Amino acid sequence: MKLIVAIVRPERANEVLEALFMAEVRGLTVSRVQGHGGETERVETYRGTTVKMELQDKVRFEIGVSDHFVEPTVRAILDSARTGDVGDGKIFVLPVERVYRIRTGETDQMAVTPGWPEEESR
Amino acid sequence: MKLIVAIVRPERANEVLEALFMAEVRGLTVSRVQGHGGETERVETYRGTTVKMELQDKVRFEIGVSDHFVEPTVRAILDSARTGDVGDGKIFVLPVERVYRIRTGETDQMAVTPGWPEEESR
Amino acid sequence: MKLIVAIVRPERANEVLEALFMAEVRGLTVSRVQGHGGETERVETYRGTTVKMELQDKVRFEIGVSDHFVEPTVRAILDSARTGDVGDGKIFVLPVERVYRIRTGETDQMAVTPGWPEEESR
Amino acid sequence: MIAQSPEPSAPDTVWMLVSTALVLLMTPALAFFYGGLVRAKNALNTMMMSVASLGIVGLVWALVGYSLAFGRGTGVIGGLEFLGLENVGLEVKGSIPHLLFMAYQATFAIITAALISGAIVERMRFGPYLAFIALWTVVVYTPAAHWVWGGGWLGSLGVLDYAGGTVVHVNAASAALAAALVLRPRRDYGRQALLPHNVPYVLLGAALLWFGWFGFNAGSALGATRTAALAFVNTFLAPAATMVVWMLIELARTGRATAVGVATGIVVGLVAVTPAAGFVSPLGAIAIGGIAAPLSYFTILWRSRTALDDSLDVVAAHGVGGATGALLTGVFARPEWGGSAGLIAGNARQVGVQLIGLLVVAAYSGLATALLIKLVNVVARVRSSQRDEAVGLDVTQHGEEAYTRGEGAVLVMPSISAPATRSTDESMRAPLEVPA
Amino acid sequence: MIAQSPEPSAPDTVWMLVSTALVLLMTPALAFFYGGLVRAKNALNTMMMSVASLGIVGLVWALVGYSLAFGRGTGVIGGLEFLGLENVGLEVKGSIPHLLFMAYQATFAIITAALISGAIVERMRFGPYLAFIALWTVVVYTPAAHWVWGGGWLGSLGVLDYAGGTVVHVNAASAALAAALVLRPRRDYGRQALLPHNVPYVLLGAALLWFGWFGFNAGSALGATRTAALAFVNTFLAPAATMVVWMLIELARTGRATAVGVATGIVVGLVAVTPAAGFVSPLGAIAIGGIAAPLSYFTILWRSRTALDDSLDVVAAHGVGGATGALLTGVFARPEWGGSAGLIAGNARQVGVQLIGLLVVAAYSGLATALLIKLVNVVARVRSSQRDEAVGLDVTQHGEEAYTRGEGAVLVMPSISAPATRSTDESMRAPLEVPA
Amino acid sequence: MIAQSPEPSAPDTVWMLVSTALVLLMTPALAFFYGGLVRAKNALNTMMMSVASLGIVGLVWALVGYSLAFGRGTGVIGGLEFLGLENVGLEVKGSIPHLLFMAYQATFAIITAALISGAIVERMRFGPYLAFIALWTVVVYTPAAHWVWGGGWLGSLGVLDYAGGTVVHVNAASAALAAALVLRPRRDYGRQALLPHNVPYVLLGAALLWFGWFGFNAGSALGATRTAALAFVNTFLAPAATMVVWMLIELARTGRATAVGVATGIVVGLVAVTPAAGFVSPLGAIAIGGIAAPLSYFTILWRSRTALDDSLDVVAAHGVGGATGALLTGVFARPEWGGSAGLIAGNARQVGVQLIGLLVVAAYSGLATALLIKLVNVVARVRSSQRDEAVGLDVTQHGEEAYTRGEGAVLVMPSISAPATRSTDESMRAPLEVPA
């Protein structure tokens, strides 16, 4: 089992979602985050106060997948999130020791891709 | 050391909190996220625009625990977060290499469960 | 490669950012979270309803770094986030299997610290 | 229709135009006051319960209610001569055009119905709610208005109700109590903390309510008179006093004066001075406002420990406030200031009359409301399902969210650019379909 | 200048003071109505498109527009005698001070320009927008106002437009259509769901618009007359009817009445009754409001399936609403209520006259608007860049965000405590530089 | 008390009723203007600093302040004949009921105190703040109002202050300066970016301030006169000019016109025209508004580089704006428009008189304010602790948050269903405790 964490542009988030659904990824969790990378800074002014905004809005995907799903999932994200400009984001693949489906208490493989034969967890 | 990441329903969040406190979990971090799973979609309409909402509000728990705490923590979440309907969420257990308590600089075991004898990290 | 997850006080967030930049960390992702730890609870009252607020606002940093960057990054956070009062937060160091830069598809070392010679991934 | 004579009074007409607009603004103000106090997932539903009243009750009043309340009828109910706005034109009524008087009264009916919703937020289905307020206006509000203001028996009895302490506030509060009991508590009530999602909205609502209430009370003079000025000043001083006393109580009890408390205090003061506004001295108004504060405050404290999920405390604010005001009107009313004599001016009987007025209206309103909701429930379930309540009524009743960000929102009809691929911007340069 | 005689009418002056303030409030109200409907990243830009009109169009009108619209001129354009407020003083015009009449009319010019912005939100550069509304006021609004109200040829032809169905709403909608076509759709239009970021703001805007509209319509009587009262009541009843019909359509079609729908319905009803307010009976107003609902509703449904990115549906709300109202004014107008005779009163010709009026204004406005934008575009690109549109216009056009939290915001000028180190609080106890 | 003769003027009464309500609305408007400019964690505290003034200062004024300001006294302070509203009834004062005049003046006292808070947001404890504004009203506002408007020596000297440039704005700004100096800067000031958490609130506040200001300025005519119309129109044109000039400066300097800038510009224009509104021509008002823009703009720029944490720039907006307006009143005032002669009309002396007026008020206000705060500080610490400031004053001073979501909120009194276990919904069907 792996946990894929992807940081993407908010304006690509819906495309990424779509691409993941096409790649048969059915479970995922999304949150709004802010990131700093190589992007040019925004300058904002509020009355006398001028500020450099170091952080840009991003969307974070968190997707638990079984090992053989990692490749297509990463592929789907890479393809759908890319614009080619600085700031497209990163993907991290983390090892997972165990996954539980809360509704049923099922673990691991069964917990993320129901119907798929159980594989050895890591 | 492990990091337990749990995605639960917002309406169960307070019950999960309570259950964790009962299980003697004293440190945790919570954030609002949105998830996609097997839930039925919501349809919303804004003037002429009809949309399918693919994401449901969820709450994400992130809990660093020492190894022997994993089991009771997971148990507490499973019990308190379950409703039995699709959409109850998932729990991921991730390996952690090191933990620091910022206030003291203490690491690992000491960083999450003060007073407990240091164990070998992972 | 490692993923450093740090939970810090919101009022220290800008100092942490600065310290990270000084430490030559150039990429990071930030989100608003709420945490429970040893802090004293807040009591709030809304008409007849009195509540104990179990959660305090915190800021979560997520930083993918190559292995030899872990130490200075952790150091920077520890130094800049500490106030000495209960509630300063925690740092978790997680193992990462693979990192991708979405813009270029580069992986691992190349994905987080461009220009640096590729090292063996974990 | 433009009758030729006599002419309406121009200054009175101006004041009533302004007052009608002000009272109309109170209903959206209430939408924000109530809407800020609920959870974000029910914000729109709560606001819609007020806003929809502008349309539903507005029309019902114009077409039916006005005649039943203000038509020449018996002591119990008005006549039918104004049904469908028949015979309601620009001829003078009092000193202003008749139509304007009808519209001014409409704004009272509208807000009274909307007030009830505070007791039943976060759990009532919207369709049945609309049916309920339409029926309620005809069955409950209309007779109550007739009894006190339309030539009915309570008015003849001598009940003093300057701008609606009994007709509006006690009436709405009693209906609210009945509705809360019939609908039962929210599923999380008493177990979870159900907190206001936006306190600035609560303050905005309270501020606009105060602003509009000048039309409510000073407009009830029906003209640009000295009494209008008196009612106006009392409507300024009473809530000021309530707010100050409320803050002092809070500071004394918990060391902190709350914003929700201040907003509530303002409304309670406004409610309490409503029946008295044109009958009592400014010092009397300050006293009424000050006295209402602890009564409402401790009622809220007590209520929130009971199983009564009067969610936004309509009973404590409008019931206790309105009853306090109605009774104290019987105490402080003075002929020199425009009222008949009250207790202080030597007429102890007035307090009794006031009590009868509010008990009668409260009893009728509570009973009739409970029956009406049960009646509506026969046709269509009034209570939302447990599941819908958990998801929130905004999504389930209105198919909307108050605050959206569009992530994960997929267009159901992708309209133009058929395949939802990443089309380049060129696709937008295709010839446009232009409406004729 | 204070002329000595005759005296203005005091009640009429009061009513027009109030009405002018009310109409002025409509423009910020529109800012919230529109601002709530766009995405958070464009909220300020959208609001600024309305708010800036108060300044830009306000000044342009006072210095130039008023003279061209209301100066004694030809049937086509007004004279120059009021340029720079020359000859506009406190002497009486009608029954009120001339200056006040000028200001009242200014508020109409301001909101008309602001209305257009609804069609082009989220993609127009702000500087060119300011230039555009300044020019548009002079080139488009001013002649239209002159034709109908300022002694021009449409007025002479007998076009009935009580408070601006044609001059304001059809005019703005036609300009909006042209602007939307020239500016082309937003980059995500038709592919992504572009959702309202704050529906409570939409309700707040609609409520304040309604409140202000009493000044718009009842103020158009220019005095505290019976007709003001009629226009007022019609302005209350028509949107009530539209809102109710709108909810019923939604309930019938999808089972859910929406808050955005109710807000839209209110505005459509207000628009539709605008040309009719002082000419038709209250039942006529209810009919007009009710009829406008399905027409606007289905226009919105249809429009959002086309490539026409009239983003906030100015055409469906103000065009369809305004045209419906203008034509139905020709149907329902009755001499007994203050209008000349319409179709029902036996004068079928009036409908044709109304049609001519609105077609002429729509045609002129659409054409001139398209040319004006293209003209401005020659000097400065009107459309924001793709990248700026993706980031959002708040940051790119105004250097601000509507909602900020300050994380990651680094002071560019750390002013006092030079090094941005963690200075102890002592550093703040240094002697302060105090302004003289 | 209802005196029998003479009758108040009905139109004047209407206008003053409306104006009083409008000015009252300005204080909640200020709450939103200020509240939007601070961080979310201090939003309620900042709003409460304004809203509480409605209660505290409202009562203090009615019971004490009015008499000291407008009672017949000496040149320095008013008499005691109106203490406790004694002798303030419905008899005519000018042409309106005396009580109404008292209430109108109360709204000025209320907002003046609230204005000060802008300089000391995010760091003052709430209890001491309440004590401070109560004292300040009696000790500072009351004499200043008496000197200029209540028959005092500055009025006799010939100081022109139509609606409070000196009495309200310069006075509040000088107090603000003193308060900011005494309270010292916020802990993060100059080191962290302290950004507005909700700019739409700032726009809403500015819009409602403008709306209310028509009552402030045109109401200062105290009747439905030509001068009211003049003041009204000037109150419309001056801020329009300020806003436009402000946008042009911003566009020239940074290429972007900001929403906060536009909101600030509106307020500055309103402030600047306040002392002049009924004395100068509309073109004069435009000039005053235009001139005030750069002066305030650059003061803000400069101030934010200093150690003076006048957090919301009360000095730059109200001090500079008010002083500019007061001096330019001495320049532009013309007898034909209602003022006495100013510089342009050949009376250079008037500028000097104006200068004396504002210096005297500023000096007295600054000094007395500093002493008052130090006095209050003796009884109860005025400055919040470093820790409370970090947490935010909403939680620490009011025990509330502006925006909550209820996660992690545990009911302290679980009331009904005693054990906080996952009770089934059946538990809610237990017999309810019903209030009698």
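First chain written, first letter: the chains are A, B, C, D, E and F, and each begins at residue 1.
Criterion: a residue touches a chain if its C-beta (ideal position, glycine included) is under 8 Å from a C-beta of that chain, and two chains touch if they have at least 3 such contacts.
From a predicted model like this one, the values you see are computed outputs, not experimental measurements.
Starting from the defined contact criterion, work out which chains touch chain B and chain E both, please.
Where chain B and chain E share a partner, that partner set is A, C, D, F.
I'd like to verify one number: the distance from the centre of chain B to the centre of chain F, where each centre is the average of its C-alpha atoms, in whole angstrom.
Result: the chain centres lie 48 Å from each other.
Using mean CA coordinates as chain centres, what's the chain D-chain F distance in Å?
Centre separation, chain D to chain F: 30 Å.
Please work out the Cα centroid separation of chain B and chain C, and write it as a whole number of Å.
Roughly 17 Å separates the two chain centres.
Which residue numbers or ranges of chain D touch two or more of the other chains?
Only 10-11, 14, 18, 192-196, 198, 254, 256, 258, 260, 303-305, 399-401, 404-411, 413, 420 qualify.
Hey, what residues on chain B touch two or more of the other chains?
Correct list: 14, 17, 30-32, 34, 36, 45-46, 49, 51, 54-55, 94-95.
Testing understanding: with touching defined as stated, what is the shape of the graph linking the protein chains, line, ring, star, complete or other?
Topology of touching chains reads as complete, every chain touching all others.
Quick check on the complex: what are the chain E residues that touch chain D?
9-12, 14-15, 18, 22, 39-40, 177, 181, 184-185, 187, 189-200, 203-204, 207-208, 210-211, 214, 218, 223-230, 232-233, 236-237, 239-244, 247, 251, 254, 256-260, 262, 265-266, 281-283, 286, 303-308, 315, 336-338, 386
Under the definition above, what is the set of chain E residues touching chain C in their complex?
Interface residues on the chain E side: 405-410, 420, 422.
Could you please specify the touching residues of chain C with respect to chain B in the complex?
Touching chain B: residues 2, 5-8, 31-38, 54-55, 58, 60, 74, 77-78, 81-95 of chain C.
Within the complex, which stretch of chain A touches chain E?
11, 14, 34, 36, 42-46, 49-55
Using the touch definition up top, name the residues of chain C that touch chain E in the complex.
10, 13-15, 17-18, 30, 32, 59
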